[in-house]
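Each in structure tokens, the structures are laid out below.
Both complexes below contain chain A, partnered by chain B and then by chain C.
Here is the complex of A and B:
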């Protein structure tokens, strides 16, 4: 099986995630979609790693997963904090950071 | 001890005096500040005598000694050292400066005894003497400029000594500003000379200026004339010559000993010294010499006519100072170096004496200075009257007083030059007659005639006490620090004042005897090594001219006194009648030839108008609106554009990020 298939799946997953990040308004879903994007990238990394026959890409994929876990922790924490202060759970409503 | 060591000591003592008095001004009890100040200047005088004796021990050809303490800068083409030049000319000057200054310090001990700024006064006074000594001892242009500027600063401090008097602070400012004009002239002149000689050292400058490489073989090299004329600007400002004279009469706002010290005996002679010191350069630039001679002659005549019409005692003497300095400037500019410096010395004696006597007279009037309110002080102030008379006779050039010999010698040398110098000769003798008239107008009006109430009170034994007020404007004042003290001291009641005036009287009477034509040439002989390189120096007097000059001088002086006696003693009021008949001329004299008004119209008003134009137009429209306003508007517009991008929509940021990263990715894909 050529690497193209793996890359195609990776690209589809990544694009799905990106479209989700841009279009969805629920921060929970946005976080999920971010995970999709990261894992799309991970897939590509692992595929390339197999193709070249060395483990660097796989190590990078593990690091990406670790970072993703941290990011999800912070993201979920923020969502809980937003919920606790009775703010709308909607990324479009949370726009105080404008210039 | 080496000759130059004496020179350094001359500088060190007044500096130590000013520092110690300044540091201890709170702790010095009573009049000790005055005694410390006097002692330090006296020590400087003694060191000057040491320098004189030590200098006379050298053979005449080796009487120009330079000593340097340290290098300021020694780079390519510049040799700036802290060096002094001890030669007959500078020793002559330090003797006159420190000698007369000692007596004036002595006088001030009593004269200012109740002033609240007593210690400050002596600190300033010592600093002034230090600055003047530094000026005359300077061994290169740099030290000369430093001393020159110090003298200007010291005169500002002393003129504005009563700093709560608005008129005094204004006068101080005026003196300082005009002196700075002179400083600029001196610095620029130095530059023009340095450009060609390549050295700042005085002796080396003279040496290389004489060589044809520096300024060419011809006289009147353009840069040299420019340099010398600029030096003259400095000399005119310091010596109060037209048109930079306006500060001197106003400087009479300072305490009277200040007038005696810096505006009669020492500071104003700096210009004369400068021309004499630079005579090598000036002789290579006869055009500059002519400028100096003409301005000196014009000043002596104009100042004399103004002195005729003033009523303020100190201002009359100030104008007579201007006039006498005019003689000296004219003298050293036509080559009468020894005569000019001789007149400088005798003038220092009799002018300091006159100012001291005027101080005593003003004290008897409790600060009042107007001649219109004085009269009949002859019996009330016998000692002051005597001093005034001696000073007046010397100033008028009556034989055998000192002024007679020195003034006539200047005019004699001027006449010997021939040609158009005869005009200067005639102006000089006209000035001599005027001098006698205005001097004795002052004496007759103040001391003769009906005694005024203040004189009667003094005769009865109770000095007059007026309410303290500004003698110029009549504004009431108090006697706290910044204004004159509560009591006034007359010479008759203060020993130190009498001692100082007595010593100066001896000088005013006898100083002329050291240089009598055809008899002795003490000054000429002493100064000869400093003027070894000029052909004009040696006197080659025609007997006829000499006799004519002496007779003319004495006759004009006596005639002036007789005229003054007739106008103001025999028939008081006849002077006013003459003044009324010659109204335009009299107005011209009373208004000081409208020089103040002219300066006002030509310089002060345009400067003010330019200033207000710059403020209203340049500063408001260009600086405030264009530069500052433009910058802020630019930043504001830029930040508004950037701010508009910051919407706060997270999804929008994410989309931008995606688009951006995709764009960069695509770019590199297409590149490869």
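Here is the complex of A and C:
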């Protein structure tokens, strides 16, 4: 398949992730949708890397995975902390930081 | 053969993504994401990125998803059905649905224009030449050599970032004081029994040089 097909799939995955981040209320699912957006970007990076026969895109994809793992670690830690302090697990209800 | 594999994997990728966004239970969302990640690894393999595909399955679908499953099992359902506002009958529900659809259409159109309308001839090609070999494009040896030579700084920064995230995760999720009984709540500010500085008050040996010791506070 040509590179364009892979890019189309990556655009669709990124769009689905963005819609999920905006419309879902559970912070766990919001984190999952963030992963979807990162995966869409990763697919585009690897496709461009294949297009040029150059490994830089794959290195960037590996670094993106590292950053995603860090983000999951901190995000899930925050969700556990929110749950421990008996606050609702809902991004619409958590308005404490609103000015 | 590779076209058939591409269409099977791409269907899995998109179906998994739709499942993550639309399924109500967060547990099913996590399972859909696992399917999505494994299909994505097949796409990476088709793009000759063996190493990235391998760590996609091992790190993402293995380790990170287990972490998600544990947290979903720990937090559980938050009482209210997921996406109630999205599927609800009220004006807010239908407004959100329409808004989401409009946003998805705009974003997808823009991305497709940006990615496919570039005029780059190589986009409609099959990629650069590829010759199989032990140290060729995409193998672990190739990626390792790049990471330890040209991208050494990025490699070190990523390791430092992982360390900071691990420490931050422990600090955020650490249990402060004894666990609360069911129905009991933590004392609020000013009430008797309030734990001063509870969330970050980790046990530490005396004389470790904290700011609180310096100013004569708690040791």
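Definition applied: the second predicted complex is superposed on the first by the 99 of 99 C-alpha atoms of A that agree within 3 Å, B and C clash if a C-alpha of one lies under 4 Å from a C-alpha of the other, contacts with A are read in each partner's own complex, and residues count from 1 in each chain.
We take it that a contact is a pair of C-beta atoms (placed from the backbone, for glycine too) under 8 Å apart; a residue touches a chain by one contact, two chains touch by 3 or more.
The structure presented is a predicted model; accordingly, all values stated were derived computationally and were not measured.
On the A-aligned overlay, A:22 touches which partner chain: chain B = first, chain C = second, or both, or neither?
both
Per the overlay, which chain contacts more chain A residues, chain B or chain C?
C
Check whether A:51 is in contact with chain B, with chain C, with both or with neither, and answer first, second, both or neither.
In the superposition, A:51 contacts chain C only.
Going by the contact rule set out at the top, does A:81 touch chain B (first), chain C (second), both, or neither?
The second partner, chain C, only.
Which partner does A:91 contact after superposing on A: first (chain B), second (chain C), both, neither?
first
With the touch criterion stated at the top, can you tell me which chain A residues are shared between the chain B interface and the chain C interface?
Shared contact residues on chain A: 18, 22-23, 25, 92.
How about chain B: which of its residues touch chain A in the complex?
642-651, 654-655, 658
Under the definition above, what is the set of chain C residues touching chain A in their complex?
Touching chain A from chain C are residues 2-3, 6, 10, 13-14, 17-18, 20-21, 26, 29-30, 33, 36-37, 40, 43-44, 46-49, 51-52, 55-56, 59-60, 63-64, 67-68, 71-72, 74-75, 78, 80, 82-83, 85-86, 96, 100, 103-104, 107-108, 111-112, 115-116, 122-130, 137-138, 142-143, 146-147, 151, 154, 158, 161-162, 164-166, 168-173, 175, 180, 185-186, 199.
Once bound in the complex, which stretches of chain A touch chain C?
1-20, 22-26, 28-29, 31-33, 35-36, 39, 42-44, 46-47, 49-56, 58-59, 61-63, 65-74, 76-81, 83-86, 88-90, 92
Could you pull out which chain A residues touch chain B in their complex?
Touch list, chain A to chain B: 18, 21-23, 25, 30, 91-92, 94-99.
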